[in-house]
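Residue numbering begins at 1 within each chain, and the chains themselves are lettered A, B, C, D and E in the order written.
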Amino acid sequence: MSAILELQGVKKAFGAVVVADDQSWSLAPGEALGVLGPNGAGKTSMFNLVTGTLSTDAGRIRLDGQDITGWSAARRCRAGIARSFQVPQPFAHMTVFENAYVAATQGAGLSGRAAETHCLDVLDRTGLVAKSNVQAGGLTLLERKRLELSRALCAKPRVILLDEIAGGLTEHECQSLIQTIRDVHATGVSIVWIEHVVHALLAVVSRLMVIDFGRKIAEGEPNAIMQSREVKEIYLGIEADA
Amino acid sequence: MPDALLTLQALNAHYGDFQALYGVDLRVDPGEVVAVIGANGAGKTTMLRSIAGLLKNAPGAIRWKGQAIGALRADQVAGRGIALVPEGRLLFPSLSVEENLVIGGQLGRKGPWSLQRVYDLFPILKERRHQQSTSLSGGQQQMVAIGRALMANPELVLMDEISLGLAPVIIRQIYEALPGIVGEGLTAVIVEQDIAKALSVSQRVYCLQEGRVSLEGQSQTVPREDITRAYFGV
Amino acid sequence: MTLSVTRRTRLSTTWLILLVPIVLLLIAAPWWAGRADLRLMGEIALYMSLAILWNLLAGYAGLVSVGQQAYVGFGGYLFFALTMLAGLHPYAALPLVVLAGFVISAPVAVLIFRLRGAYFAIGTWVVAEVFRLSFAQISSLGGGSGTSLAPDIVRSLADGRDAREAVAWWLALGAAALVLGTVVWLLRSRQGVALTAIRDNELAARSLGIDIWRTKFTVYVVVSGLTALIGALIFLQKLRISPDAAFSANDWTAFVIFIVVIGGIGTLEGPILGTLIFFALRETLADLGTLYLIALGIVAIVIMLFAPRGLWGFLRDRWGLELFPLSRRVSGLAKKEA
Amino acid sequence: MDWLNALVQGVLLGGLYALFAAGLSLIFGVMRLVNIAHGDLIVLSAYIALSFGVALGLNPLVALLLVVPTMALIGYALQRLILNRTMGEDILPPLLVTFGLSVILQNALLMGYSADPQNLQAGAIETASVTLGPLAVGLMPVMVFATAVAVIAALQWMFYRTALGRAFRATSDRQDVAQLMGLNRAHVFGLAMALSLAVTALAGVFLGIRTAFDPAAGGARLIFGFEAVIIGGLGNLWGTLAGGVILGVAQTVGAKIDPGYQILAGHVVFLIILALRPRGLFPRIDG
Amino acid sequence: QTPTIKVGHVSPRTGPLAGFAEADDYILQAIGERFGAGVENNGRAWQIEIISKDSQSNPNRAAEVASELILSDEVDIIVAASTPDTVNPVSDQAEINEVPCITTDCPWQPYFFGRGGNPAEGFLSTYHFFWGLEDVIGAFLAMWDGSGVAKSVGGLFPNDADGNAWGDPELGLPTPLAAAGYALTDPGRYQPMTDDFSNYINAFKEAGCEIVTGNMIPPDFGTFWNQAAQQGFNPKIVTIGKALLFPSVIEGLGERGIGLSSEVWWSPSHPFSSSLTGASAGDLAGGYMQTTGRPWTQPIGFKHALFEVVADVVARAEDLEDPEAIIAAIAATDMNTIVGPVNWANGPVPNVTKTPLVAGQWQREGDGVDLKIVANATAPEIPTTGELMLLS
């Protein structure tokens, strides 16, 4: 089966800091891929490259076989790539509902009733519906993160990129988030998820990728990866043989 | 009982018409680590921001070494020796990493913390010290935010969810360093979602629920079910 | 589920119903208003249009321009040139002015969109200065000294003084209606949602599928074309044009900004309210001369300090008033929570 | 020879423009504040110097010793009493407030001093000339240029090398977090505006000596100042000096071609630079 | 019940042209007193009510207040003075609304041609009295001819209404200067409020100009004059229109203001007197100086004359209720005013009549300065009061 998203030899550096070093990987349709890596490894940068907020120095990015390397961020979103931001970027002077509505009309190209129902549906799933008429600027950090997720979903993506959305959740909230993401996944959306809350990640993804210094250093079945020496040393900070 | 370092008495806080805190009482003694836990939106951040002087308060609600500081501006509160590691890092984008740290110490209070010690704690920052702070990764930024607060050589440091977004290895490293930091005469209030972590590093714990204190106790002895109850109000 | 999304409120519906007789009454103005009142009303309609347009740029699209006088003057000059030099009938010239406004503003947009925020503002001002200095070099339009509209052309509008005044009023009223209609339509469309989103956060807007450049470009070009039309009508009323008058930053931008600030920036109702207040002030205080302008400045500053969203913004924040059904509210929430 | 003369005069004129721009650049850098009233404040300084001259019989160059602190004080008060209340993420409120301020200043000056053009009489130095090779250039323009260079150097050093400069930059980034560092933002902004208007005082007095001024003279000066800032590149004070010089030369060379093009040429060069280098010629790399 | 006739008056009370309107209050007060008794028309006394509005030196605003006067105040006659920026917009509004209009204080070419006037047709309801560029040229030449300096002239003309008219190759200074044997160096039209004149100075130096002339606003002249000194350009005669009209400007230039020269449209020594009050030019100026403590200025006489004409027209009109009758009365005017004869029958073009013009130089008098009339060949009835002295 051909990949829905594919990176081939993607490179990006800021001066001496290499954030993507010859990165190649692919995502199968309907797959959920987890991404781990120390702080500053280049995970968020990788998302920026895929979504077009950063331009690549070299390499190709393909969506469903089509080369999207030169496309604008907006075009990529309309083509089916949506993301959440690690540092939330709400439209602070618009209400939660309007935030979602922007995504539904612009990203998903819906209009009228269809857009409205879709937004309400998504907000209901992410547990933000009660805040629909609240200005996004007044949300707490975690509500903002939920808004990030909602907006991305409203854009009806084929591939959704999630950047640390489980941090700071209570155990209970974390479980409900996991359920939400599983539901999304069940509808056939492919997922790439960066997360430091490892157990949440493991509850959803079927494959793990580990990044350090912009390089992919391990990839494979989640449990095996978690047991690997690299992950234990550079990520969990426990002695490999402990 | 020793004289309290910081006390909150019936602290209220508002955002416009919305009341976020209702009569919060809290006490911090010198040299201890107090953990504050609570669900999202419980008002933890609001409480820390109130203490730091970023939100308006009734003048008498906050006392520092017995003196009312509720009416002071944030910069005056900082001058008394209270530092905040804000939720979401909030570094100065146009300052370099090193300048971000240096400005933390610009009040010139004496104490154990210096640029060198921060670099010892987070060696990666030394490597990146001339870089612009916004170009750091999320985790690196969190390190700068912590270092910046320590640079002030405060008597009390308020830490708001510092482990958010950090790789486990870094969280571990920071919490391992915490007892040492406190041991040098620093007092800390930490807000943390990871309850186990919070309880393990603190002496006492408060739980907030919908703007009210729903539980207060000794971290080591407080029963887990009490916490669950305090958390969700069941 | 009982949730639904509405834009209409009881107030907005009442207002829209009220609007019908108001508009009819205004159309009939030549039969009930004196010539002086008609003139004043025409001027109000034109200033209101400028304010609505500027507010769309600055308040909605975040394009804070202090150089819209470029298009006011351009429209005025072009209208004079088309009627006096090319010999067109005024009615034929007006649509051409709009078109030319679109055409000339496109390359300008390409250039100044390279600037952001405050720098954009200054860029627009420089462009307006370039327009002013360039028109001052055209000797067939009087160079720096300007020129008067030939009386024949004015007379070709209609027979007799009263008919001319009526026509001038209908043109102004029509232009205001066109402007208001265009802006409401734009804001209710997909573009409108995109605009507010861009103003709040460009990074997020881009990532959610909004083509920022194109959205802003569309707004800028539409606003500029319509501003040129208003400019043509303004100078049709004034009968005389000169570079300093046509490209006056004070008359066509400062006053317009004051109007929007006083009324409420980023609301559709603000510029309308602001225009009425501005003219009320002007009619009562203008003879104070210098003091009047000082008072105007003070009013603007005080509003900025104590009600930064203007009078309408203040009313809206207080009571959620909205005359034009623009924002989307989710209703039925309380039931759901219960 | 002609062209050389145009060039030299342009460079010297650029020094004055850089002085117009320096204060603007500073407060924009610190507060993201676009001060539309800057031109009128320049003119205000000239009038203050005029009043000191009339009241105390001082040469305007001596009066600078009083005008500079007066303007600094006005700046500090203006910032703390009015502008600070509008400072936030949105650049629009302060911009509009300074717009209002500009209208108020112009008309207040008109009431106070009437529309009569005024001139600052600095005595013989005003018409003194120095010979540079084949050219006669005014002593004043040379002095102005030298002052501009000194002011820019001092500001650059202050902004990037001192604790005050660091405080300026930090407060400009995040006002409330800067408060947490013990910086009182109201005071920091007040200082920045004071410094800006101190430079403005220099610009105003030099302007008043060079040309006649009236209450309406501020607008054009504001534009030249802004152009210099943008040509030079955001946040780079040396760039601002270069911007002033480029603008001055563009004007004198344009005027050489046809006097009607003098100001137009400056604007056109500005727009061309904008088209080719939208961030100015010498932007700070990090931006 | 005395009937009232309303006269609208537009003038730049504020703004950069405010100097021209400085004497408004004084004149309007005196005129108001004089009109208090009413003016007789066809055996009935008419009250004259003057409504004065400020154009803020802004042509837009001038058009606006003129239309207010016409439409809401419903004035019967409208008058205006002070530069094309005030006079032209007001006249245009009057013309289109068919309201009688009398203006002054703006050379007639920018008035007539600046408004697109056609010498074959003229205007319907707007009339103007002042001098023209041919008079300025005549007066300047008369002054320069006797001075013995080289006939090489530098020209400074801005790109504004006055500058374009003065510098116009056909209607302005260039042709007559050439005819009189003067070589004119005219580098082109500068934008008003410029910071730099080095180009002009350089060009004048190269051409060896000993005379500088032109029409400038005061700030620009100040800039030019300082830079001329810095760059070592020292002409012998500097005769500039408009910029050098007002004593305050000259005083502002200090020592370097002495010896500059200008056109003189009116002075206390003009041998005319008011048809309204009988006061001589000297009386009028003296009264002004006494009342206000300020030096006299040229617009005083013309502002007064404007209302003299109004009074005359009101007295003669056949039917004051009928605008056409008022216009006919204006056209038939033949009177002597404090600025000289006004008679639209003998103008250079329809709707325009001319008043005499001479040339003067600012000279020291006591601790102040005074404008001495130094050349009167164009209007010998006006006596000279001094001799031209060369600069430097």
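Methods note: contacts are C-beta pairs under 8 Å (C-beta built on N, C-alpha and C of every residue); 3 or more make two chains touch, one makes a residue touch a chain.
Labels paired with UniProt names: A, B = ABC transporter ATP-binding protein; C, D = Branched-chain amino acid ABC transporter permease.
Keep in mind that what you see is a predicted model, and the values were worked out from it rather than measured.
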Common touching chains of chain B and chain A: none
Remotest chain, chain C as reference, centres from CA atoms: B
Pair sharing more residue contacts (C-beta pairs) when D-E is set against C-E: D-E
Chain B and chain E, separation of their C-alpha mean positions in angstrom: 76
Rounded Å distance, chain C centre to chain D centre (Cα mean): 32
Centre-to-centre distance between chain C and chain B (centres being mean Cα positions), rounded to whole Å: 50
Touching two or more other chains - residue numbers and ranges from chain D: 107, 110, 260, 263-264
Interface hub residues of chain E, defined as touching at least two other chains: 14, 159, 189, 191
Residues within chain A bordering two or more other chains: none
Pairs of chains satisfying the touch condition: A-B, A-C, B-D, C-D, C-E, D-E
Complex interface listing, chain C residues touching chain A: 1, 3-5, 190, 193-194, 196-197, 199-201, 203-212, 327-330, 333, 336-337
Residues on chain B engaged by chain A in the complex (per definition of touch): 15, 18, 39-41, 45, 87-88, 124, 131, 135-140, 142, 161, 164-170, 172-173, 193, 231-232
In the complex with chain D, residue positions of chain E that touch it: 14-19, 57, 159, 187-191, 193-196, 198-200, 202, 206, 217-223, 226-227, 229-232, 246, 248-249, 252-254, 256
Residue numbers on chain C that touch chain E, as the complex places them: 34-37, 39-40, 43, 133, 136-137, 139, 142-151, 154, 161, 238-240, 242, 244-245, 248, 250-251, 287, 289-290
Residues on chain D engaged by chain C in the complex (per definition of touch): 28, 32, 34, 36, 82, 85-86, 91-93, 95-97, 99-104, 106-108, 110-111, 219, 223, 226-227, 230, 234, 260, 263-264, 267-268, 270-271, 274-275, 278
